[in-house]
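What follows is a pair of complexes built around chain A, which joins chain B in one and chain C in the other.
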Partner chain A sequence: MEDRVRRIMASVFGVDMAQIGVEASAQTVEQWDSLRHMNLVVALEEEFGVRFTDQQIDELLSFRLIVLTLKELGAK
Partner chain B sequence: MSDISYAELLRCNRELAGTLQGKGLRIAVLSNVVVAQLKEILEYTLRSRGVNAHVDLGDYDNVVQDCARFARHDGVVLFWESCNFVDGLHYRAALMAEDELTALRERLVGEIDLALKALLQTRLVLFNRFSSLLFNCYELREGALDRLCRELNQRFDERSPTHVLAVDVDKVIAQVSVAKSVDWRSFHSARAPYSVDFFRAYANYVAPALLSMAGRAKKALIFDCDNTLWEGILGEDGEEGIALSAETRQGRPFAEVQALAHGLGREGVILGLCSKNNPEDVDRVFEAYPDTGLRESDLAIKRVNWSDKVTNLRDIAETLNLGLDALVFVDDSDFEIGLVREKLPEVATLHVPAARYDYPALMRRWRNLFFTLSRSAEDTAKTRMYREEAQRQQAAKSFTSIEDYLRSLGLTLTLHVNDASLTARMAQLTQKTNQFNLTTRRYTEADLHRMLEDGAHCVLAFRVTDRFGDYGITGLVIVERKPQTQHARIDSFLMSCRVLGRNVERALFDTLVADLAVEGVRVLEAEYLRTPKNSQVEELFDRFGLELTDSSRQHRRYQLNVAAYAPASIDYIEIVRR
Partner chain C sequence: MILKNLRHRLRLLRQLWLLAWRYDVLVEKGVTVKYVDTVSFGRRCTLQSGVYVYGSRRGNRVQVGDFVAIGAGGMLLGEGGLSIGDYTHFGPRVVVTTQYGDAESDMCQEEAVLKYAPVKLGRGCWIGAGAVIMPGTVLGERCIVAPNSVVYGSWGDRTSLSGNPARRQR
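Then we have the complex of A and B:
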């Protein structure tokens, strides 16, 4: 799952997969603006077949939190 | 193309932006709701089809002002959503008093007028029809919001100028379903009602109009025969054994597809065959089934033989003087489709579905590939003209010199100067002509109207006829005069490939230079701008005797001292002025 998340984040932000480390977050990834955040949400939902709540969307602000939230939603 | 994931689409779009050449199209999407995701989806949809599009988004809810700001873009797309005419209108409309609704409607009509006025010079405006479908699809009665949309659409229809294409958004929503078109979460959090699924369908739906503006509409539909125009294999089942009659269950889908193809032919799509069969056998089928949708006379070209289809399709493109990317090829065989996709990726391929009952519906969907912005009488006459061309090529074989042959044709060149009745055809010529086109500037009807009226331009369309028939309006020259310097400039010079090889261009140029001399023009400026398709005219002006003043890989600029011009004085083309 981690690699798939990384690949999606790389595609959405237009960066190399290698640049998405476990510490990647809205603070460290320069391209992470509000529009791309919405793109990230849509791309993750499509990839993992899940639906985030408003609350979760506001909190999906780092690689770690994304993986954690996806696991909570039962994504594999 | 809709099968790639959204993340993949974003990545590919970025890659395509770096690889595509050319100026491409600049498109603005203006809206009173948030439609941010349409930017990359629309870019990808056009870029993946070879057009380097760049989409700018207008400001949130600033449609009227943005129309003025983006009017010079090639295309403007308007999402003017009823739910946000005023905040929360989708639920407030039902509570509003009649006079309030009337006042709102009249305000909007005024805004629509302002917007359309600001966009008068824009080459193409895609104006979404007003819709309330996302909010009303369970309502048995027409509600206040429905009525408002209906009345606004009515008022819009009364106004709509020719450069505006009204886009029926409800059809897109129907394709996707209401439930999947709308995203209530983003609607409430960000005033973004539409889902990514909707935007994908929308981009596919409107792409043909934008591709047509970029001169990338498909032009020819080429069919395999067995299991493509009829059920069965002619060589094995014989003409009685194959099914193509609407009277039989097996034949019915094929009869419908043939009728659809016949209809496309009438609209100007070039129809042809590319099939491994004995040519006499295939001809006999058309004789034996004279009432089936597709007639032998609908077919502009036939390559029925035992050569491979790649060779045949190349030959078809060459004979029709079209690029491979103008062809659409239909076949039932995985092998043939695979081979063409592999060897000729520019050719669009359509695979006949194994479930034949799905075939006509798919064909109706594919029709969109041939969408062109301007329709004109020439389109419907096109097949006849391509057939006449085949007869001419036959006649050419019996003459010893090409001059002899041209002399025998009885060529007439009819000139139409600043003829406003021809703008639809002239716009279409600028949009569709790729090969004999010196500058490849694409113009809409609005562009041409402006040039006809500004006094500085001379827009000269010409018609070519010979003893075999009428080619119609097949070429265009646009000259801009600069009276203060006694200079003139050729802005556009283009000609349909149907009339190549007859020295028409030279006879025309002689006449043009003579006319300019009479007007007092001393120096004529001209240029050649390179595209991937117009190398055949790279040295045209050199051949005409113009002086090359400046050149690079992308362009060649010329000047001509009008007084010193040496005309070719072609005596076998008669010039007529209208």
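Then we have the complex of A and C:
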């Protein structure tokens, strides 16, 4: 799952996959702005077949939180 | 100030005439087109009443295909580059934007600091009334967007979308 998340984040933010480490967050990835955040949300939902709540969308601000939330939603 | 406004209105009128002269477009009442030299239309397009088309000052193009209809009150902001495929129809008050505010900038400035991302809409898409197509959106062919949806991201052919953010209707 981590690699798929990393691939999607790299694609949405237009950066190399190597730049998306486990510590990647809205603070460390310069390209992570409000628009790309929504692009990331819809791309993750499509890839993993899940639907985030509005609160989860607000909180998906790091690689770790994304993976954790996807696991909570039962994504594989 | 009065002269400035008069000059501005004359410039807008000229752009509208240029549009009607160059392209096979039905232009209804109250249509505004800015930076017309960066805008192109295919055959038999319709701009209904109150449509606002903003071209690009940044070297990008607004390219509209054949038989495209933009519903009343629609807005196309093309600074970041915009392409609309043939036979695509917009309901009333659809907004397509290729620009968004940079919230990291000092927001109290004379001119807002904006970021840009191109939008590409495929052939034969139907966009419902009041929908907003956000910067960077890509729609394949024959996509349907429900009224008042807010669309982000890339979607393949024949996708039906609704909601905010718009999701695939399964």
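Simple rule for what comes next: the second predicted complex is superposed on the first by the 76 of 76 C-alpha atoms of A that agree within 3 Å, B and C clash if a C-alpha of one lies under 4 Å from a C-alpha of the other, contacts with A are read in each partner's own complex, and residues count from 1 in each chain.
In this text, a residue touches a chain if its C-beta (ideal position, glycine included) is under 8 Å from a C-beta of that chain, and two chains touch if they have at least 3 such contacts.
Not measured: the values here are computed from a predicted model.
Superposition of the two complexes onto chain A shows a clash between chain B and chain C.
In the superposed pair of complexes, A:66 makes contact with neither chain B nor chain C.
Judged by the touch definition given at the top, the superposed model places A:33 against chain C, while chain B stays out of reach.
Once the two complexes are laid over each other on the shared chain, residue contacts for A:14 go to chain B alone; chain C is not touched. Using the contact criterion defined above for the overlaid structures, shared-chain residue A:46 touches chain B and also reaches chain C. Overlap of the chain B and chain C contact sets on chain A: residues 35, 38-39, 42-43, 46. Chain C makes touch with chain A in their complex at residues 100, 102-104, 115, 117, 134-136, 152-154, 165-168. Residue ranges on chain A touching chain C, taken from their complex, read 33-36, 38-39, 41-43, 45-46, 51. Residues of chain B that touch chain A in their complex: 5-8, 10-11, 14, 36-37, 40, 185-186, 189-190, 192, 196.
Every residue of chain A that touches chain B in the complex is listed here, in rising order: 7-8, 10-12, 14, 35, 38-39, 42-43, 46-47, 54, 57.
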